[in-house]
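Let me begin by handing over the structure; questions about it come next.
Chain naming follows the written order as A, B, C and D, and within any one chain the residues start at number 1.
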Amino acid sequence: MPISEWFKAREDRRYTSLDPSAPKTDVPDGVWEKCPSCKHIVYAGDLEHTDGVCPHCGHHFELTAPERVGTLADEDSFAEMDADLISGDPLSFTAAKPYTVSVATARESSGLSEAIVTGRATLGGHPVVLGVMDFRFIGASMGSVVGEKVARAFEVALAERRAVIMVTASGGARMQEGMLSLMQMAKTAAAAERLASAALPYIVVLANNTYGGVTASFATLGDVVLAEPGAMVGFAGPRLVEQATKLSLPKGFQTAESLVEHGMVDAVVPRAELRETLTALLGYLTLGGAS
Amino acid sequence: MPISEWFKAREDRRYTSLDPSAPKTDVPDGVWEKCPSCKHIVYAGDLEHTDGVCPHCGHHFELTAPERVGTLADEDSFAEMDADLISGDPLSFTAAKPYTVSVATARESSGLSEAIVTGRATLGGHPVVLGVMDFRFIGASMGSVVGEKVARAFEVALAERRAVIMVTASGGARMQEGMLSLMQMAKTAAAAERLASAALPYIVVLANNTYGGVTASFATLGDVVLAEPGAMVGFAGPRLVEQATKLSLPKGFQTAESLVEHGMVDAVVPRAELRETLTALLGYLTLGGAS
Amino acid sequence: MSKRRFVMEFERPLVELEEKLLELRRIDAAALTPELAMEIDTLAAEVDRLHASLYRDLGPWEKVQIARHPDRPKTQDYVDALFEDVIELHGDRAFGDDEAMFAGLGTIAGRKAVVLGHRKGKDIKENIRRNFGQVHPEGFRKARRAMALAGRFGLPVVSFLDTAGAFPGIEAEERGQAWAIAECLATLSDLPVPVVVVGIGEGGSGGALAIGFGDRLIMLENAYYSVISPEMCAVILHKDAAKAAEAAGCLSLTAADLARLDLADEVLPEPVGGAHRDPAQVIEAVGVAVGGALDALATTPADRLVAERYARLRRIGHVVGESGTTGT
Amino acid sequence: MSKRRFVMEFERPLVELEEKLLELRRIDAAALTPELAMEIDTLAAEVDRLHASLYRDLGPWEKVQIARHPDRPKTQDYVDALFEDVIELHGDRAFGDDEAMFAGLGTIAGRKAVVLGHRKGKDIKENIRRNFGQVHPEGFRKARRAMALAGRFGLPVVSFLDTAGAFPGIEAEERGQAWAIAECLATLSDLPVPVVVVGIGEGGSGGALAIGFGDRLIMLENAYYSVISPEMCAVILHKDAAKAAEAAGCLSLTAADLARLDLADEVLPEPVGGAHRDPAQVIEAVGVAVGGALDALATTPADRLVAERYARLRRIGHVVGESGTTGT
């Protein structure tokens, strides 16, 4: 389903870029949510005004891809690409349930065609290709379609001399497409490398949580790599690391904040400042990039 | 004094490249040396046959620059460059003794014009520019002349599409030329970078001991960086590190062997295999470099 | 072999019969009744039958076990046997030297090359030193440095895959495991020299992929290459690692699967029972295949190599409802 | 200033007189004899005389002390006051983020730039965090990453020097202090963008040089830049760190010396007593000088910039008996 239809289909979910007066989040009015960080009961209406940031402790709730697009793209600027790309079932993968069922369920419940939404947009006036992953879609795992959309995003940016901004969240490569998924890592990294060779800027925002094949490919190849507060980011998940090493994990392990300390991330940027920071970065990095 | 004259002036010091039948080391026949590593008393005549390697424990005695040239360059192939470059005294540096006296003494006792000898040569048939530092000359410290000779070595190699091989040993930048010495670090690194940009190979052999401004400039910029067994290599000397940190140093600190473990050096190569290893490396790295 | 034979899970029924047969044959000739002699004959025939069937049409899980066999020839065996004038290059120039990753220069059939490979040990002591072939970030960074050297000096890259995966450790994560792998992928993707990859054993996920794609992928018959280990896949699907065999079947991870998916260019047969039964023969076959691939790629100009490698990657994936033109 | 005034060694005679004068002036008017009043006048005149002479014609060692003054404006002060839209970039992408090195993006007088600088702390707590401005390898690698970013996107580099030197620690050595510095030098040498360096305080050896050369070197009057610290030089020459003053005199390390040696392009005067007496004025002067340098370099094509930077480096050095032609 193209995102435009998705927007139409869900009248209760609208975004600043489409209708600034409408509520921004997925939670219906009057519903209360418990903040997983401070345990406060938060009124969903309040979360709309903060783009999903807990007013009590600053915890960053996960955003859906359309919500994220709404918080970042200039008004009415987002034009989705490749919304008709849909996963096949190349391995006829059937375990607990058939892969085709998983995909159909994810499409139905998320209203998205796949785990990433990509499109042309402007951000603070800068022409970009924006990609946003959505964890609700099979853990935003990367299969053929995600890989293809990411690669095309870089290719469009390369052809049109745009910057690329990727907001990532993913459990990793999608195992139901086996080696085809693994190879999307190489494909997306190769596409990012071509953008880099043309000195066009690529900025990543690591959102909670980004793991596995996505972290180990296009998500860490940005000229600048930002992360949201508290986002968990790594290659191997914390449980696997614990199992493999029989060690207890250090405090703050794999959090965005500790990734800055360990030299992996340029800056942790609160969601309220993200748009402004990206705009400023695009201002710096496009200056000479066009020459 | 050009190295050719140096060779002529010292009939008792000859090298395989000039006269294979003559003894190779500086120690007169019949003299015994105590190995600093195994404490064995070693007959100097034996050291000649081993290029200065202790026959009991393999300790690598330091070689003079002419000795080193003799062990590496193809017979009769070494043609020294810039032998007439001599240090001035730009700061009129006089402390314990005048710099001019230090230089004069070093020239007299070493028979060299400065702390590095550079020249065109072939090594295993490969055309190279070879540079060899000599610790006897004011601790092989890098002042204007060393920096100039190193820069010219890279420039000649660049112009004639030769590989560069540097055998380093140095106490660091030469303080008696102050900031002019410090800037030789930038100058030599810049010259090495130009060679690298032309995809011409640069191989370093870190010999005992290489510290300070030499390690932190051209000596660590090789495409391949080798080290001699037991060579001590670092930026800050062990005594300074101990003083600054009030910690006792780990076993093997700054030895060539520990530098391999810490990822800084490609391989520790015993002197007996050095020529062969360099020849093989030149075979690999010149293959496509000329294209 | 003087040491005790390593028995793979699926071989157990056969080995039990073989041991029983061996025991019966140890019976003193004097004590041998005609009934016993007949039993021995029957058992021997059964062993022959089972042997013939067991190693025919091996399933994915059996192949994974063969790929993990401790006596299977390893990167070092291939390097030693196939390459001359080998110079190992150590270190990442930033933190350490990872002994789970080989990087070096070597000459195969007269062709100079940069050689990469995951390194498992021959015994427990070596395996501890090599972290059982599970690479840390510094290992990938060493590999990347060697790749860059290959690119600078026009040397083709030959890479041997044999890892259960990148090491999932605390420090490995802290030093940027994902970052190090991603940088390898980016570097490999536009390296202006031929890149020939050989799957010789395990091809575990991102840790394999970091040195595991290029212009040719040659797979040994029983080598596997997978997005996830069968065990972990089983845990995710069934909360039960014991269902790894089933998971292995789902993942399309065998050499034959990769050929079917157009990912592998060539599958090299192994002796009955696996490469460890006749390492010399397998190593030679790999040498011939690598030599052939290098020969075939040697004359391709660098820019075409890179363009074709990208095109090769771009074709990978199964997408339906595809829009006719890119991104519009 | 509420906190106790920091007294430099060479100021002590003056400060002692000032304190004595202050004490005399505290005497009750009733108890003030004409003799005492005269003594006060004499002392006051002496203080004025000493004040005027002390800060005139400061020697190298006095300048080193001023360069190290704890209240001297630091990299962060310049970044905060002179740059808008500052975005700090953290980390080396391999091991850590070194708080002794600043790297970021900023806009000065409308010009976008990459900003680098050694970072000392304002107090002991911040100094511990910043390791007193002494950089580890990861700090140099972060700087190098920022340089590369500048090169890729055509942003000039503005670099502030203020370090006693690269940190001489065990782990710093183990993680390749020398390697990290050398790589910075190589990267800076052919960066295709303008590089403007400002010596604002200490310029300690290789640790300063790693981000300390380019197309323009602007020095504050009392900043120093030296191949070795005066103390260490004294130890080497006299086995006596106390002879640092003498060593400082030998090393030609002052801004004036650097101008004389043709290394510094511009020397900016400081208020009497040093930059800490009027930080705002000094920071503004630095801003004007940096802006001017960036303006002057802005139109030079990248290849000419790099060629001229190399030529600039190649000229440095004092060599006699020089052969007429290079290497022949």
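Simple rule for what comes next: contacts are C-beta pairs under 8 Å (C-beta built on N, C-alpha and C of every residue); 3 or more make two chains touch, one makes a residue touch a chain.
In this text, all values refer to a predicted model and were calculated from it rather than measured experimentally.
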Would you mind checking the shortest number of contact hops between chain A and chain B?
-> 2
Check B-D against A-D and say which one is joined by more contacting C-beta pairs.
-> B-D
In whole angstrom, how far does the Cα centroid of chain B sit from the Cα centroid of chain D?
-> 33
Inter-chain centre distance, chain C versus chain D - centres from mean C-alpha coordinates, in Å | 55
Where the CA atoms of chain B average out and where those of chain C average out, how many Å apart are those spots?
-> 43
Residues of chain A touching at least two other chains | 196, 262-264
Among the residues of chain C, pick out those that touch two or more other chains and give their numbers.
-> 93-95, 175-176, 179
Chain contact topology (line, ring, star, complete or other) = other
Any two chains that touch count here, so list every such pair.
-> A-C, A-D, B-C, B-D, C-D
If you look only at chain C, which of its residues touch chain D in the complex?
-> 93-95, 137, 141, 175-176, 179-180
Name, in rising order, each residue of chain B that touches chain D in their complex.
-> 81-82, 84-91, 93-96, 143-145, 147-148, 151-153, 155-156, 173-175, 177-187, 189-190, 192-194, 196-197, 212-213, 215-221, 233-236, 240-241, 244-245, 247, 249-250, 253-254, 258, 262-264
Touch list for chain C against partner chain A, complex | 166-170, 172-179, 181-183, 185-190, 205-206, 209-210, 213, 225-228, 232-233, 236-238, 246-247, 250-253, 257-258, 261, 263, 309-310, 313-314, 316-323, 326-328
Per the touch rule above, chain B residues touching chain C in the complex are 196, 199, 201, 223-224, 260-267, 277, 280-281, 283-289, 291
Any idea which chain D residues touch chain A in the complex?
-> 85, 87-97, 105, 112, 138, 142, 149, 152-155, 193
